[in-house]
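Notes to accompany the following structure.
Order as written gives the chain letters A, B, C and D; numbering starts at 1 within each chain.
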């Protein structure tokens, strides 16, 4: 298989290792158009901020080539090939959608180019189809939902109705929650998956949730769907009788103000909230706010930490594809999110998860942290990795 | 009925020369773009056959191509069928699907036909999007290319693959010309000009439409199977109606019903898209403005415009020259 | 050869065909006369299947074809021309005839060979072009020939399906009297075994070709018989010419 | 899951609410088609523009200002489009017009991105329409009741205008046969212009009404386009009756499909459309026979 891919890349004949220079060429592969354009911009802003902030700590300089994935896996794969073969980048950073990550996975693995994942959370990327070249600095779908099942059960919630868009990420998030929630004695009284990116009116599903006899509703939605969902949930008057919980993308700082009052009181769990009280986060929030005029989101911090991880890796002297891949796997630092490390078994990030409630603050909605749940490594999920040989 | 004139031959030779030059000199990304153009060219040829010569403006050709891509991917990765057989299967499948769509749509005309094809295309899109075996929104990967090592060609090499696609496109073009010049092709043109009369002459009109739509669907399916092999990864976006819309834009930009024009359109569109998207993320805006400008100019696309200006003149001069030569020869 | 039995058709309150029964023998040349709005073209449309009658039946060569669609009736030998030119405008005269001949010979749906290059198609095209005097125009496009020649082609296309029965809807419509005469000579020279039903507006011209005459008025057959009798019929003159003058 | 009557009432209201939103969009599109014989594919983009105008205006002068002025603003865009593009395309045939409006989709989509950015916007529901109403044994969001009422009111008003007024008679004559209408001394060009602007205003109104319910994103126009086209094709192009019937069919099939057969919900509506086209190729209630 690997031979075939290498051959397909034309690498078999031209396995030229990029000339080792003091500069490192970074391919930034993000959506700048399409439904996730705002996420791509947020990550890029964070990434550039990270380079600015920590760039002085390393001797190398970075040259960034950015490519637009348009959130289309085939387009993204074409762009990734271009970055690897034509631009000969040393490392790639980015990838928002899991579909795109799935598409480029074999490619980066086959070409032995290190990739720092700055968003896409599909569990397999650091599970069954993990790669020593793919290091994830964002999150995995299971990771951010698993602790919430236990936490909600401990809070005395017995019956939950779940809702999520019908695609791989939606199912993984809900499955992870369901697993720990039922293990802790909870019961799932109803589960619906709504057509992904085609559902604008959640009315029919909300009526089902209401009729299900649940104590609470647990959902995963993001972007435009999250805005519509939270507003419609509130307009049906469900928030009072049926508290709304979810993974934190539901009330991301990126668009929580579009949800307005409807988002107040929603309790969600995520690996980052801009109100985390730490020095590192203070610095990051201040820098980001100065740049954009608003609080950073989890996407921004993922870009920021991806840049930081890259710089940390170069500090070890890594300067080409293989050495960077090795160094990235051993990165650990204290960032805005708290203490971060890479799990050597899967290359996934290990990070704390924060449970927060969206509340009214001075300048709009803000996040009140209710609990910090300890960092846990994901299960290995069939990941087998050979070390990268230099 | 399709006719070649001098201008069309000249354009074809120039296009082929350009493609060959690119195929032998370009680097990796240039080859990728070339292959993208060649595959899009097959799709727009398929669309031009039905829209330009049969008046059937289809908004499901993207879905047909996507169907071919998915069929090939499923056959090879899930069912373990050998790539050549899988390709044939994918082509047969999309051909059959297109035949049914053509048969059902044969009673509808104009905007209703467009809407009917849109409905079928979107139906396929939704089905693929929501069926787990197709990988949903994430798509399918691990698609392998045809193995031509028995004739010493390694299609995993970008250059070989581009040349292979060029050869396939040449065959498709030749086949299209044969189809359009056949009895069926003539009848199709007759139906486009005057459906009522063709029926009164005893032609089973719906069969002609369905047959041609089926053939066109086979070409779209072939383009899809090649697209799947090219990218080696597919996602439901391939089946979206906007792909069909873009294909239609290419046909119109190039010149509806000229067969050569859409080829030029495909090349222009892909190059424009890549050049613009490297400059701005708002490249759709520019493409939209160009489309509006071309349509408003009332020319039949780029090639139609050239043909209207120089096509006849070129033919007349050539005819004059031939006559003179003949006169000289007979005198002597 | 062609027969209708009690054909009846209404559009809402308008009764366009009233209990029409006609019978054409093989080789018979019948002209249908009648004022504007008498239901002549509507009758044609029912004969070829473009309209479905409310009641009654159509028989072709002894078989009931009432339930058959247009194309199937045509393939059984029923061909028609239209009052308004219904040609393939972008194509040449030869291609127009060729399309019809290809349908008749079964080459119209063949995938790998050009129908126009087939000898049997070429033979029909040549014959028909001779019959309707189109030889000089074979390679001209429809848009390049005169109106009168187009009327000839209109009939030629219908003839090129080699029909048993040829229905012609005012073949001389819009052509001057001089040309009309030539047109009728042309019709008279067609093979004697071809059954023809012709709608004609001008009575005098009708007598040039007709073996028999049918007169329609308000969708009803008011006269059916030999031309000599029609010429003398005062009833006919009153109805036909009366409405003619009023029109 | 067994459900009580209240559940089904709630779902019926949801279906009705979706239908009314689609009706506001489809009526403009279908009458423009009936009169001018072309399908304005950019109709969805005008809906998105309506939502964006409403969001911007609401930020300045509150919800009601957005609701009333957004349709006016979109009608203004309609005037520009009509005099700049559509009018010149009158004689170019339907295909060219469809393509011009397809190009417009691209242009308008990127223009909204340039002016308003990629981030989703939102409008707050005004205090008057906030909260819920209790009736028929269920509690239903007031704003959704408002949408249903507004849709019905517009339907009533249009039925009156088309059926009982002189301009309505002119429009009906134009839909029936525009050459004839011109002969009768109707200024057809002027009629086209008015109908086009009103159609655009209704699309803008639909956008402004939908904005507080959904989120305002650049691709909302593209998302709504296909459902709107399905509505008018099922209903039959050019008729008010067709638009309302198509909207109701779509709303109910979509809503109850999601509840009763979630796996089939999205394929269901396309299958229905295909079935309609097979049985009645011109839709259920076409304007012309």
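A few points about this structure:
Note that a residue touches a chain if its C-beta (ideal position, glycine included) is under 8 Å from a C-beta of that chain, and two chains touch if they have at least 3 such contacts.
Composition by chain, UniProt nomenclature: B = Amino acid/amide ABC transporter membrane protein 2, HAAT family; C = Amino acid/amide ABC transporter ATP-binding protein 1, HAAT family; D = Amino acid/amide ABC transporter membrane protein 1, HAAT family.
What you are looking at is a predicted structure, and each value in this text was computed from that prediction instead of being measured.
The set of chains in contact with chain A as well as chain C comprises B. Centroids built from CA atoms put chain C at 42 Å from chain B. Chain B and chain D have Cα centroids separated by 34 Å. Chain A and chain D have Cα centroids lying 37 Å from one another.
Multi-chain contact residues of chain D, defined as those touching 2 or more other chains: 113, 266.
Annotation for chain B: residues touching 2 or more other chains are 129-130, 282, 284. Within chain C, no positions touching two or more other chains are listed. All chain pairs that count as touching, in label order, are A-B, A-D, B-C, B-D. Interface residues of chain D facing chain B in the complex, by the touch rule stated above, are 33, 38-39, 85, 88-89, 92, 94-96, 98-100, 102-107, 109-111, 113-114, 222, 226, 229-230, 233, 237, 263, 266-267, 270-271, 273-274, 277-278, 281-283. Per the touch definition, chain A reaches chain D in the complex via residues 33, 35, 37-38, 41, 190, 192-195, 198, 200-201, 203-205, 207-208, 210-212, 223-225, 227-228, 231-232, 235-237, 254-255, 257-261. Contact residues on chain C toward chain B in their complex (touch as defined above): 48, 50, 69-72, 74-75, 79-80, 82, 86-91, 95, 98-100, 102-104, 107-116, 157-158, 161. Those residues of chain B lying in contact with chain C across their complex are 1, 178-179, 181-184, 186-187, 189-190, 193-194, 196-205, 207-208, 211, 215. Chain B meets chain A in the complex at residues 27-29, 32, 36, 129-130, 136-139, 141-142, 144-145, 154, 156-159, 227, 231-235, 237-238, 277, 281-282, 284.
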